[in-house]
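Pasting the structures in now, so scroll down.
Shared chain: chain A. Partners: chain B in the first complex, chain C in the second.
Right after this comes the complex of A and B.
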C-alpha cells in the first residue's frame, strides 16, 4: 500500500516528459512510429545485403570495364573485356555447354523424378525406406560424389563400369576422356544427386490432388492414361513449374560436379564439359584476370535474369 | 588469424620491451615471414628461424602460413593492401606481376650482387634477375627425374634406361594387357596435365635439337621440325602401346599403385613415395636424347622482401634473406624437406650429388632450364589441348602443333602487351 502514492506520483511525472520532450519521435503518430521501427529492424538485413551483395555486385559490374590482376592498379579498358569475350570461341563453346546442361538436365531429371514419384506414391511396401534411399544422394556432398563417380568412369583396371564391360567382353567406353561422352557422363551424377529432392516435391504435389477427382474418373471408367493426362499432370502444374525453376537455376550454375570430375584438366577434354561458372573461376583464380572474369560474371547474371524472368512469367499464367 | 594475433602480441611485446629498455644499444625488431603450409617446410623454417634468432638476438622472426589452396589469392590480396609480411615466399612464376606492381624490393646489390648469384647458384636461378638486379632468391629448387618400379623391372628383366630409346624399349617390356587387349599396367605413365608439359617443353624439344622459346621466353619457337619431332615422339608412346594417358586417373596414382614401371615426376614426389607401402622404387636422371643431349626443367619458390619492409625492418629482412640463401640453410632444407639446394656448392658435394634419391635430381640441375611462364595454367592447357586434338579428334599432329604454338604466343603477347 505504501507504494500507492508513488504510483500516483509517477504517472504525472511520466506524462510530463512525454509532453515536454516533444522531440521528433514524440510528434510521430502511432503508425509512423510503427513504420520507423519496422525500418529500424529492416535496416539490419538491408545493410547486410548492401555490404555483402549489392556493393560487390555493383563493383563487379564496374570491374568488368577494367583490367586488374589483384596486384596492380585497376585500369579502365572500356568494353574490351566484352569484345574479347564475344570473339572468344571458348566462350561460345562454354555457352553451348551451359545450355546443354540446362536443356538435357532439367527435362531428364523432371521426367525421371516424376516417374519415380508417381510409382512410389502407389507403393506401400517399405515406402519410407525406398523414399529415404532416393533422398540419400541429395544429402551427400557433391564433391565426394563427383570423385566416386570419377573413379567409376575410369578405364580398366580401376573403373567400375569399364571393368563390368570388360568382364563380359565388351569394348571399353571412354566416359570422361571423350569430347562427346564427357558432358552426359558428368551430368548423370548431377541429375541423380538432385532426384531425391524433386521426388519429395512431386510426391507432396501428388498427395495434394483431391482423391475425389480420381474417384469420379473411376466411376466414369476413364483409362489410366487419360487420368494421368487430364487430371494428374494439369493439377501438378504449380509443382512442375517450381521444380523447373529450381533445377534450371541449379544446372545453369553447375560447377562442383564438373570441377571435381575433371580437376586435372578443368572443363576438359577440349573444353567440352566446361560450364560458364568454371570458366569464370579459371579466369579469376588461375589467370588472375579479374576484369575479364567480371565481364563473364555479368553475362552469367544476364542469362540467369532472363531465364528467371521467363519462368516468373510462366508462374504468373497460373 | 591466430598467427596474426600472435604477431600483434609479439609486436606489442617487442615495442614494450623497446620502450622499457630505451637506453639499450640494439633495438629489437620483429619481421614477418609468410609461406604456405606443408609440414616439412614449416618444420624446416622453424629450425632456420631458431638458428637465425640465436645469431641475431635483437631480431624476431614471426612465421605465418596458410593452406596452399588459398596461398596465392591471400598473398595477392594482402600484400597490395599493405597487410602483408616483410618477407614472402612466392612461386617464381608469380614474380613478374609482383615486380611490375612494385610490391617487392630489389635485393641490395652489395650483398646479392648479380656476379655472386651467377657464379654460386645453379644457372636457372638467373631467371630472377631483372635490369641487373635480383628481386628474389630461392633456398631450394626442384627438378624432374625418372622414377622406376624396381619390382616390375626385375619381373620383366629390364635395366634402368638412360636414353629415350632404351626407355621406350623398357616400357614396352613392362606393359601388360588383359585378354581383350586392355592395358592393365603401363610401361610409362603419361599425362600432359601432370609434369609432362614441362618434359615436353624443356626436355623433349631441346633433345630434338630445338629451343622451345626465344627472346627470353616471349616467343614460341616449337612450331618447327624439332617441335614436330618431339610431338611425334610423345604421341608415339601411346601409339606404340607403352602408355595410356589418364591411366588410373593420375600418373602418380598408377605409379604408387604398382601399376606403372616408369614415371616422370618432380623431387617433391619423394615424400609421398616414401609413404607408399609395398612400393620398391628407384630414381634416375631423365633419359638422354637421340644425340645424347640432356635437359631438365626446374621450378622453385623464392623469398622476396616486400615493399612494406622499411628502416630497421628492412635491414633485418636483408639479414634474414642472407641466412635463407646461405649454404647452411640449404643443407637444412634438403635434410628436412627433401628439396634441392639452390647453390651449386651445396648441391654438388660428393655426398649430395651421389645420394641415391636426391642425386639424380641434383645432377639434373646442372643442365636444367626454367620456363618463364606468363600464365602457367593457361600455357599448360595449350599443350593438353594439343595432344587431345590429335588423340580425341584425329587432327593432324602438325596442324595441332601449329594451333598450340599460335595459342601460346597469343597468351605471351597478351601478357607482355605486344
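Right after this comes the complex of A and C.
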C-alpha cells in the first residue's frame, strides 16, 4: 500500500523516534516499514511451508510416476504405478474397506452424537458431569484405546466382552479373527472416541439457534417432532456439514486403530480391515516400494478432495 | 387491526409460554431422559474404567469381570516403570509435545497476526497458500519427509519427530480469526508509544487473545501427544519412541500380559485425563471455540 502516503504516514513518524535503525530503514515511510516488518515476520514460516509442505507435496506427486526402492536411482515409469494399483485386487479390497469405515462410521457417529446432544441440551441436573463423561474418551490416545479394546475383544476366558456374553450364556463372538466382524469391531472404538467432540459441537450449534423460533412454534402448537424436523435440523445445517466433513476425513484416514488391533497381521484377517493408509504404510516402509506408495497417497489425496467437495456441495447449498 | 392482533398474540403467547404440560408426566419424561443419558455416560467411560482397574489387578484376577480389584496393587506400575522404557517414552512424548506446541503457538499466532493486521501486497496469496496446505493429508507427506530425514540425518532424533509439526495451518487460520477481534486502536496507540511491531504483537496483541491461544495449545498438545504414524516411521531405536509407538511395540512383544499392556495404556492416557478433569470447563470451551471458528 505504498501508493497511499496520507496523513498517517507523516504525522506519527515524528512521534516515533524509537524505530530508527540506520539510514535506509529511517528513510522508509511508515507503511513501507510495516511491510518490511510483515515480510520479516513471515520469512521463517514461508520457508517452512515451502520446504516442509509444498516441496514434499510436489515430490510425492513426481515420485508417483517413478520407481524407487530407497537405495538405487529414481527411474521414471510413467503411469505404471497407477496401472498396477488399479489392476491390483488388494487395492480394490482396501478401497472398499476404506469406504466401509466412512459409510458406517460417519452416519452412525452423527446420529448417536445428535441424539445425545439433543437430549443433553435439555437436561440441567448434573449437565456438566454427564457432558464430561461423554467427552472424556476424546482425550485419549487412539493407540492406547486400540489396545484396551483389543483386550475386550479376545476369546473366552481373556476378553471382557466374551466373558460377559459367557456369563449370560451366549456363545462367544469372533470379533477380530472374522473377516466380517473385524472391520466393525475396529471401527467401534474410533466412533466411541470421537462422539464427545461431535456432541460438544452439536450442543454449541443447538444453543446458537435463536429461542424465538421455538417460541413461535410453541404458539402455533407444533409438535416436538415437527419442531425437530422443520426448525432444529434445518437450522443446524452448518453444524452438520462441519461434523460430516470432519468425521469423514477422519474415517477415510483411519490407521492407528487398525494397525494396533491387528499387529500380528496388519489389516487382516485376509486384508478385510486394511484401509488405504495402512496399505500406503506397508508399501512404503515394509516393501520400500516408494513410487508405488506415492501413487497410493495421491489416490488418497484425490479421494479426500472429492469426498469433501461432494459433501460441501450437497449439504451447504440450497 | 394489526396492533390489536399483536396484542392478542402476545397475550396468548405469554399464556402459552407460562402454561406447562401436566407437570407429573413432564417430570417423569425428564427423569427417564436423565437416567438414560447418565447410563450412556457411564457406558462411555467403562473402557477407561476397565483399563485403570485392570492395571491395578494381580494376574490371577485379570479375567474377572469385577470392576473393583479385590486386592488393588501398584505392582504393575512398578514393574512397567522399573523396566525403564516407559519412563523414557513418557519423557520423549512430553518434551516433543511441549516443544511443538510452543513453536506452533508462536509461529501460528505470529503469521495469523501478520496476515490479519498488516496490509501489504501479497498477503492474500500467502494466506491462501498456507490455508491450501490443510487439504494435503499428512499421509501424502510422510514419504517425502522420510526421504528428507534420511538425507539430512534426521531419522531417529527429536528433531526428526518434531519438524513436521512446528507450524500448523489450522492454527494460522484460527489465530487470524481471533486477531480480528483486537481493535486496531490499541495497536496504533502502542505504535505511538514507540513500541516496535514485534513488541506490539508480543506485548499488546498476544495478551488479548489468550483464550484462543489456550484452545489452540490444547489441540496441538493433544495431537502431538497421541501422534502415531509419523513417529512410528521416523524412529527405529526404542530409546526415541514416543508413548504411542512404544506402547504399540510393547503390546506386540510375545507373551506380554494384558494387565501390563493396560498399565502402559493407562500411563499414556492418565496425564491427559487428569488434565481434562482439572480444566474441564475451560477445555470444552476451547474445543467449541477452535471447532466453530476453525
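Methods note: the second predicted complex is superposed on the first by the 269 of 318 C-alpha atoms of A that agree within 3 Å, B and C clash if a C-alpha of one lies under 4 Å from a C-alpha of the other, contacts with A are read in each partner's own complex, and residues count from 1 in each chain.
Everything that follows uses one rule, which is that contacts are C-beta pairs under 8 Å (C-beta built on N, C-alpha and C of every residue); 3 or more make two chains touch, one makes a residue touch a chain.
If you're wondering where the values come from, they're calculated on a predicted model, not measured in any experiment.
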item	value
Larger contact residue set on chain A - chain B or chain C	C
Partner chain(s) touched by A:285 [first = chain B, second = chain C, both, neither]	both
Touched partner set for A:157, first chain B, second chain C, both or neither	both
Partner chain in contact with A:234 - chain B first, chain C second, else both or neither	neither
First, second, both or neither for A:107, with chain B first and chain C second	neither
First (chain B), second (chain C), both or neither touched by A:210	neither
Which of chain B and chain C A:269 touches, first, second, both or neither	first
Intersection of the chain A residues that touch chain B with those that touch chain C	70, 150-151, 154, 157-158, 264, 285
Touching residues (chain side chain B, partner chain A) in the complex	72-73, 76-77, 79-80, 97-98, 100-101, 103, 178, 180, 182-184, 191, 193-194, 244-250, 259, 375, 377-378, 381, 384-385, 388-389, 392-393
Sites on chain C touched by chain A in the complex	9, 12-13, 16-17, 30, 33-34, 36-38, 40-42, 44-45, 47-48, 50-51, 54, 63, 65, 107, 110-111, 113-114, 118-121, 123, 126, 129-130, 133, 135-137, 139-148, 150, 163-164, 166-167, 169, 172, 191-192, 194-198, 201, 222, 225-226, 228-229, 233, 243-245, 247-248, 251-252, 258, 261-262, 264-266, 268-269, 272-273, 275-277, 280-281, 283-284, 287-288, 291-292
Residue ranges of chain A touching chain B (in the complex, touch as defined)	69-73, 150-151, 154-158, 162, 166, 169, 171-172, 176-179, 264-265, 268-270, 282, 285-288
Residue ranges of chain A in contact with chain C within the complex	1, 12, 15-19, 33-35, 37-39, 41-42, 44-46, 48-49, 52-57, 59-60, 63, 70, 116, 119-120, 122-123, 125-126, 128-137, 139-145, 147-152, 154, 157-158, 160, 163-164, 167, 189, 192, 195-197, 200-201, 204, 215, 218-219, 242, 253, 255-256, 259-260, 263-264, 277, 280-281, 284-285, 290, 293-294, 297-298, 300-301, 304-305, 308
